[in-house]
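What follows is subunit A paired twice: with subunit B in the first complex and subunit C in the second.
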Partner chain A sequence: MTQQKRLLIIDDDPDFVEGIKAILDAAQYNVDVAYNPKSGLQALQTGNYDLLLLDIMMGRGAEGVMIARKMRKDPKLREMPVLIITGIREQIAFLFPGGPMHPRFVEVDELVEKPVEPRLLLEKVSTLLATVEAKKAK
Partner chain B sequence: MNGKPTFSEEVSNLLYASEGNPLKMCIQCGTCSATCPSAPFMDYTPRRLIGMINADMREQVLNSNAYWFCASCFHCSVRCPQEIDIAGLMYALKRYSMWKNLYKEDLIGPTFSETFVKTIINGGRSYEPILATSYLFSYGVQTFLMEAQNATSLMLKGRIPILPTRIKRLKNFRRVIGRIIPVGGAE
Partner chain C sequence: MKTMEQIPKVLIIDDEEVVLDSCTQILAAGNYNVTTAPNGETGLDLAEKFSPDIAFIDLKMPGISGTEVLERINELDPTIVTVVITGYATINSAVEAMKLGAYDFLPKPFTPDEFRLITRRGLERRKLMLETIALRKEKEMLRDNFAAIVAHELKAPVNAIKQNLYVLDMELAGTLNESQKNRLDRMMARTDDLLKLIHSWLRVLSVDIDKVRETFKSLAVPDLIATATELVEPHAVRKDIEVVTSFQEPLSQIEGDEMSLIEALVNIIDNAIKYSYPSSKVTIHTKETGEGIEISVSDTGVGISKEELPRVLGGFYWSESTQADEPSHGLGLTISQRIIEAHDGKIAVDSEPGKGTTFVISLPALKRLE
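Then we have the complex of A and B:
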């Protein structure tokens, strides 16, 4: 890796954040954390991040969806890859009548369900970063 | 934000968009508890609950039944001299315990809320006979029979529909819902 990648986690669950932050730190990523959607969005707008790890159920409800939508409208943030990490299916399982749920509600690149396997998480993060690099190179 | 947030910070993260003041501004005057119609049924009054959150007593707060007994009348929020949104806090605690699966097994609230949302999403309207099954069986035979009798006479008078009603243009409605929460299948 030539340059250390900067990641941002927006999740309101401190224990979960601690877990994935440890995994990502060990993999030599530079990780920042925001524990609520508001400071998360501020961090996104001020900082320069390569990837966002986003939780869905925060604050008033499905705030993660709101953030993703706002990002889509923002020309600067539109290109940023998003990895959605959520336990949403477990939490409101009744809303998903079978079938794998791909988040069509936002233009995200990947979705991982809680609890996350460390290897899978790192794999997804590096693939997403690689895809963006490839896109930029074009 | 750096460092692991404490329980009180977690709660304030849940309330980040609330129009009320932060919980730390509570002066423990007890207006909320005095005005609360559900307070006699709660193990901790709203005033104590706020005090406990500010003291980071996570276990005790989550084990309390207080927030599930909140009737959402919003008297506390209206009367709070510090303008804290206490009813909003009760909802925040409900969400917190449901998202983390930390609520007690025998509670009616979580199943009731889930059934309610489900019936609304399916038909656009609340339907009492389905809603009632989420709590009816936990009250014993006598109450069950009494409720059944009431429901029958209401049905005979046309006060409760026999079949669940559906609103017109349900598809549009589900699209509206889909904008707020990620409903499976909705655009």
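Then we have the complex of A and C:
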């Protein structure tokens, strides 16, 4: 029996969040949302999440990076896989769309660009979850 | 950034001990951090280490002259407000000093009130100067980041729309009739076009020529072309266009930034495909001339009229004769041109309406290893 996975989305654009939450809901994930970095961090510390979907450009700048930095310093949160969903298009992504990009903010993370296709989103989420499971099993 | 939130720092340079003492006394009542120097040499040393907000300089001192001290402090940090102290007999030199950048002058003897007033005014001036600099910096930063900010603000709503269209597409799968499905697909395609357009704008505004130069290394042109052709393949296949490449051998390497050169080639080849008739050919040939490496990209498509030709590489261009209803924004060529120019190269274009167009990229060659 597999337990339902708990995901947290931190993103300040409610309409965009709606567009990814619906996809994850449909795939039977249990999804919570925080609409700003502050309540996001709170949720991370109190809730027991299996994966974080993190927006980078929030508020007045790259506040998502701040969250990732704080997670890296936290011995418990450091283990959590993070899928970074961002509108910033790096040159590499411009040339090689869909190519793997590992921002290495935390142990296990990956980056996808906004907007993200449902299939790609679900694939990334399940891959990240599986990577962490495999690490734990070791 | 310098600010004056701390206690204002006052430096007094004078060879008369009595002047230094009385000035220190006068300011002791106020909230000042006062340091004194008995000669020009010590004064200059302190100007650097103590970094005062205001400096009083006696014009008549043994050793380094007051005027020289003034000049050197101005060179060190032009935002330090300088006031010259002078006897009646040297009013002329006070005027000279002001010409050299002193903010004001203080004739000896002076009353405590005069000294306090001039100190306050000088510090006010210093504050304004620092504020002006801070504002100017902020303005420059805003201008530099303007493109990025605007692009992010433009992209956010489009991203949200596209993301929800994905969801609709997923949720409504199987329930829409043919024309409804078509409409949804068109909406997705058009939002994609808009996103691409925003990205292109951002690229045009942000191709930083100096940054491109930082990552120069030796490159083989055939490799660059191979990567670029691979990237445009989906577009070529959709229009049933064959991209044929050939190159002269041996071929010197070039020096450049791999990523941006591939981007420039992608834009030009993609452009050739876009203006080609379906089921035709795009030919890419590379050769070496005495001048360097020449890459020509030719299509047998719609071509460009003589009137339009000069405008193609001049800025934001797109042809009225675009095939079908393909999204076309002329930004790609502008980006390519800027990239090639950053590599000390040139792009030329030649075309005949109805026959096709050829773009020729010339880049300086590296000396071949024998």
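Quick note on the criterion: the second predicted complex is superposed on the first by the 119 of 138 C-alpha atoms of A that agree within 3 Å, B and C clash if a C-alpha of one lies under 4 Å from a C-alpha of the other, contacts with A are read in each partner's own complex, and residues count from 1 in each chain.
Note that contacts are C-beta pairs under 8 Å (C-beta built on N, C-alpha and C of every residue); 3 or more make two chains touch, one makes a residue touch a chain.
The model shown is predicted, which means the values in this text are computed figures rather than measured ones.
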{"item": "Subunit B versus subunit C as contact partner of A:Met57, first or second or both or neither", "value": "both"}
{"item": "First, second, both or neither for A:Gln45, with subunit B first and subunit C second", "value": "neither"}
{"item": "Partner chain in contact with A:Ile23 - subunit B first, subunit C second, else both or neither", "value": "second"}
{"item": "Subunit B versus subunit C as contact partner of A:Val65, first or second or both or neither", "value": "first"}
{"item": "Contacts of A:Ala34 with subunit B and subunit C, given as first, second, both or neither", "value": "first"}
{"item": "Dominant toucher of subunit A (residue count), subunit B or subunit C", "value": "B"}
{"item": "First, second, both or neither for A:Val116, with subunit B first and subunit C second", "value": "second"}
{"item": "Touched partner set for A:Gln4, first subunit B, second subunit C, both or neither", "value": "neither"}
{"item": "Common interface residues of subunit A - those touching subunit B in one complex and subunit C in the other", "value": "13, 18, 57, 87-88, 91-92, 94-96"}
{"item": "Subunit C-touching residues of subunit A, taken from the complex the two chains share", "value": "13, 15-16, 18-20, 22-23, 26, 57, 87-89, 91-92, 94-96, 114-118"}
{"item": "Complex contact set, residues of subunit A against subunit B", "value": "12-14, 17-18, 33-39, 56-62, 65, 87-88, 91-92, 94-97, 99, 101, 103-105"}
{"item": "Residues of subunit C defined as touching subunit A within the complex", "value": "152, 155-157, 159-164, 166-167, 170-171, 195, 199, 202-203, 231, 259-260, 262-263, 266"}
{"item": "Subunit A-facing residues of subunit B, complex", "value": "1-2, 4-5, 9-10, 13-17, 95, 98-100, 114, 118, 121, 178, 180-185, 187"}
